[in-house]
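Okay, so chain A shows up in both of these, paired with chain B first and chain C after.
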Partner chain A sequence: MAWIEIRPHLVCCMTADRRASTATDQSAYLPAMSHDHSHHDHDHSELSETELRVRALETVLTEKGYVEPAALDAIIQAYETKIGPHNGARVVAKAWTDPAFKKALLEDGSKAIGTLGHVSRVGDHLVVVENTPQRHNMVVCTLCSCYPWEMLGLPPVWYKASPYRSRAVKDPRGVLADFGVSVPDAIEIRVWDSTAETRFLVLPMRPAGTEGWSEAQLAELVTRDSMIGTGFPRTPGAPS
Partner chain B sequence: MNGVHDMGGMDGFGKVEPEADEPVFHADWESRVLAMVRAMGAAGAFNIDTSRFYRETIPPHVYLSSSYYKKWFLGLEEMLIDKGYLTREEVAAGHAKQPGKALKHGKFDLGQVERIMVRGQFARPAPAPAKFNIGDRVRAKNIHPTTHTRLPRYVRGHVGVIELNHGCHVFPDTAAMERGENPQWLYTVVFEGRDLWGADGDPTLKVSIDAFEPYLDPA
Partner chain C sequence: MSSSAAAATAAIPSIPRDDDGPVFRAPWEAQAFAMALTLHDRGVFTWPEWAAALADEIKRAQAAGDPDTGETYYLHWLATLEGLVARKGVASMDTLHRYRDAWDHAADRTPHGKPIELRDEDFG
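Up next is the complex of A and B:
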């Protein structure tokens, strides 16, 4: 179909020649009327053009004294090395082994996690929702990409992409099938659409066969997807 | 606004495709965009709701064909130009041509990094008592503002039940448009899947949204 062939070309030109002054004015994203495509080299990728534009923006922000590049480096380093699903996994493992902590966690997630010195600090309004034999929870943000960063790190691409955002609230069992998992038909599926500044973390069920395991051992079983509700914890003996 | 960003219940986007061992970023520029958005937001150039609105106003065909961080970049650049922090000429030249505008919280430097690793606070003192109690039946209003809202289309007009009360929070609908925080009560409202998707819907499905009080009528 023709539109498939012309789409990259359109995107390329649009992103290169946005001119208007307000975000609500669509002409900001349209090609310049006088733009001559004949001398425009379309061999370059959208990526490289984007890279150049991103570099240009950072240079301008730096020269104008708004940001210090080293501070940007530090933000990136934190998300690459410090903040990730291991934070959430420790919270889940603690809840599996400490009934008082679990009760506090389900009552006020932020407050309970705040008492754990070894887990990264967490902001307000973290709501922890418990999977039970009767109910399976799944978290989505249909409007954008809201996600409990402090517990799970930055969201994976699929969480932010159209297929998940569109289908999770309508066909969650179909979405789970895409992950290769299924939930018995008798179990309620509860989907939490993160439409405000609350954030949701799923507390999965503790796998059978883990009696007597330490918190650290249990944390190894807790996957990122099990805390979003698109997967389950690993079972003992299964490959990680 | 009724934009393509409001995706709940749309068909045709295909399968979810998880990526094994996915890296935090797929390219260096993605990480720079994330850091610039976080830094400029923390410096006070915009609030989180305004930044969401700018991404939502990216035209549908561009929105749907751009990667996640590309959308962040497009929204950021347009917003900073609109708010007077830089000019289109500077962006095109890749260099500053005039002094910067004062930022509410000053330059974003290394000393600021630690504080942004924890989410901002959105709870505010209540200006009035809550209208609804846990267990109340409510109907999501049938509203179609052309500005920013966090009431997704797929629940509008439907009846649900109040399950949680999260207290009073900054109201995104006004904050995004820079018309003030206008704090409102925030509730988790649960809908039956079949009420939303009809008789063919999954009978075991319940869907909740977090809804601000102005989105709801008693039912």
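Up next is the complex of A and C:
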């Protein structure tokens, strides 16, 4: 894959990020700098207190020539799977084995995930979209790099890159082909454009040949890309 | 793991990690980690210096009631980074605050869903 890398840090709008980090960052740690905006008014973007400080540092260090954004990204990229898609994989595996949970998940993703003790932080508006034999879903953020990182780990660099963001809506089949994913013409492709408030998680189809598998076994098959919609889960017996 | 990252995790035993290296709970944590790595490689500080500064920061936070559960580790990391950047004369705390406020201003004037970009006008 040969996506051109662009800088992600100037192009993001992670409102949910602010919410997620408010409890620890601001109340416990930075009373003097905290200034909680009203979250009822969503007509502008927001960054968490911590995000503001990180951006300030990065901008200053870049301007002074101490860091190169591309070099920082190279370091970060090495860890992009390290938050790991494990949380998302467990949610998907549970949905595959527990019809009541799946129903709740598709009705209100954030609420259903909130009932699982092991997932501590998720944005308020996580929408789960289900792949079916008739429809394949993929997720993009055309304007920024909003991403359900609590579920999927750090966003991959290509997700933040201009070619993916701009082409996914216009030519989803072409983009999928670049990922080595071929979706038959008979299957509709639905592209979901994330916003600061609403982020999407794809619920992929359960692979054939997994009857009787446990949730833990199934979770091993769930890849990050399958939850973005740019890939499929692993199939039983395939190398992981 | 890169050799820089390996050197950092060897020198700073407290870095949250798994078998393969550091683990992060949020994108900004990885950014803060990467900035420290880069400044170290540029010779701004040594890892022993960093470790001492981080230990001070954690001690200070604990004295102020930080629960020290690991959830706040990278907040201490970030504060250490800001402190060393100031102490080493790279950029003053005032400068960092000015840029922080500018980013806040930029975010506030940007309709949600649009890219947030820093402009001159954001520096009040």
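Throughout what follows, the second predicted complex is superposed on the first by the 156 of 240 C-alpha atoms of A that agree within 3 Å, B and C clash if a C-alpha of one lies under 4 Å from a C-alpha of the other, contacts with A are read in each partner's own complex, and residues count from 1 in each chain.
Here, a residue touches a chain if its C-beta (ideal position, glycine included) is under 8 Å from a C-beta of that chain, and two chains touch if they have at least 3 such contacts.
What you are looking at is a predicted structure, and each value in this text was computed from that prediction instead of being measured.
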First, second, both or neither for A:Ala71, with chain B first and chain C second: both
Touched partner set for A:Arg53, first chain B, second chain C, both or neither: both
First, second, both or neither for A:Leu61, with chain B first and chain C second: both
Contacts of A:Pro207 with chain B and chain C, given as first, second, both or neither: neither
Which superposed partner A:Val191 touches (first chain B, second chain C, both, neither): first
Partner, of chain C and chain B, that touches more residues belonging to chain A: B
Partner chain in contact with A:Pro85 - chain B first, chain C second, else both or neither: neither
Shared chain A surface residues [contacts with chain B and with chain C]: 10-11, 15, 21, 24, 28-29, 46-47, 50-51, 53-61, 64, 66-68, 71-72, 75-76, 78-80, 82-84, 143-144, 149, 154, 195-197
Complex contacts: residues of chain A adjacent to chain B: 7, 10-11, 14-15, 18-19, 21-24, 26, 28-29, 46-47, 50-51, 53-61, 63-68, 70-76, 78-80, 82-84, 120-125, 127, 140, 142-145, 149-150, 153-154, 156-158, 160-173, 175, 178-179, 185-199, 225, 230
Chain C-touching residues of chain A, taken from the complex the two chains share: 9-13, 15, 17, 20-21, 24-25, 28-29, 33, 37, 42-48, 50-61, 64, 66-68, 71-72, 75-76, 78-80, 82-84, 143-144, 149, 154-155, 195-197
Chain A-facing residues of chain B, complex: 5-11, 13-19, 22, 24-29, 31-36, 38-40, 43, 45, 48, 52-55, 57-59, 61-62, 64-66, 68, 70, 73-82, 85-86, 88, 90-96, 99-100, 103, 107-110, 112-113, 116-123, 150-152, 154, 164, 166, 169-170, 172, 186, 188, 190, 193, 196-197, 201-202, 204-212
Complex contacts: residues of chain C adjacent to chain A: 1-2, 4-5, 18, 20-28, 30-35, 37-39, 42, 44, 61, 65-67, 71-72, 75, 78, 81-82, 85, 90-91, 95-97, 99-100, 102-104, 107-118
